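Chain nomenclature is as follows: A, B, C and D, assigned in order of appearance, with residue numbering initiated at 1 for each chain independently.
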């Protein structure tokens, strides 16, 4: 007998929702996996994300961290475009490898009434040494919080 | 008798350098002012920076904070594309006003041999309530650090 | 005609409250000033705060940043021991001068319903170069938030 | 044939060194384990660490995060009291359980020439839900960095 999932949306439902609300942004991203307390999101690195020299830009790495956390939070609270990032602390650790995707692995550390806190480790595909780490706080709209508690 | 400036580059020289090394990125930004320990950088908000609903995207706000600090650091150390962001902590405080530019005001808190630390307050033009605040650390390449100490 | 203060408690009332709820902690601190959107708090440096070599310990500097923000938040929401720190990002910039107090200057950047965000610049008394900077988020209990909106 | 350890000091050597250089601070802490890229440090919670209501104080939790990272860094670079914290970002997630120790689990994310970056997850003993998470950057003195590269 399996334990009930705490997810409100699965990977396909999340992808469809993000493509609907953030069409131009989401086109570069993909959900590799999601569980009750983790999410793996991929940035398909294109020329638009690169700085001279072939490295992925800081804002693109930030965007991956932010979206990995957003996928995790929406996965738990459902279709709530109003969940907003209130804080992000990010360390840039190494130059990404050129020519490969970036993978963001998010852990959900707290799913509270008002705030959700995640951390995200970002690596170049095929390389375990982290390119960046980030921690993010999302503010949850009261309606979503109430629904999550009722559900 | 005026005190000698500690700046290695003035606003025009910085703009020319950034347009040269980051042409696609820098096109959206402008230096309003720079002194020995402060820099004001403007994001000319265009449709590409917006999320549905008209708010400026998180990665665009992050990019403004990062560039305001980069302008400050390059202003002090000169043409050193290799200065890199190692850490950024950013708080998102309010939705930006629609239809106006974002202004990032950077203070240089420490200009050390290996590290420079800045904070940046970001407001919508014409509104004093901050949209975001960020603190950033830049790692300074050894050659630039040696030149700055010799200079 | 003067504008009404937004403060729920003045410096004396705050000192009395903190001495009551955190007697052993507050003994080392003092409020130098508080306004609607700023607070200045002093750490009277004693041997207990020092590391070998005479520098003030990291946890003591953290405690000053946290208390300066707490004083600011309580000044606005009143006697609410339940306001809690949810995030702090702190940069350690310089060794403090020995034999003098540390001064923490807090700016209130946002006083929202659920969250308050501050930053704090910490200097050795008589020296303008910052020893540390910190940004802090406090979570506000719902009752205090309702009272503040009604007030 | 086993791979050579990258550690310059083992747990006993680290404990002896910390008791020597930070006698009053280290008395409350203990190293549970250390590997090439992880360290587990325990805060033996005493009355001095508590706030009214029985919760562990913020500065005590900060001190545990900072010491877990310091143990990790010294384990790699050897006896170098001069390694200093330059940045810490910490999220406070839950009230610790009363009457039990706090355990800080540190991961080494980057051991560079000039900077080491770690994150630390802090839990009450016997409870997997994190009380706090922190990320920390240490600045490495040049001599230690050179020795580590030669070693």
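Just a few scattered comments:
We take it that contacts are C-beta pairs under 8 Å (C-beta built on N, C-alpha and C of every residue); 3 or more make two chains touch, one makes a residue touch a chain.
This one's a predicted model, so the numbers in the text were calculated from it and none came from an experiment.
The chain with its C-alpha centre at the largest distance from the centre of subunit A is C. A count of C-beta contacts for the chain pairs A-D and A-C puts A-D on top.
Centroids of subunit A and subunit B (each the mean of its C-alpha atoms) stand 26 Å apart.
Centroids of subunit A and subunit D (each the mean of its C-alpha atoms) stand 28 Å apart. Averaging Cα coordinates per chain places subunit A and subunit C 33 Å apart.
Residues of subunit D in contact with at least two other chains: 86-87, 89, 91, 137. Only residues 89, 91, 93-94, 109-110, 117, 119, 121, 130, 133, 135, 137 of subunit C touch subunit B when the two sit together in their complex. For subunit B in complex with subunit A, the touching residues are 21-22, 25, 51-52, 57-60, 62-63, 66, 81, 84-92.
Chain contact summary for the complex, subunit A toward subunit C: residues 86-87, 89, 114-115, 137, 139.
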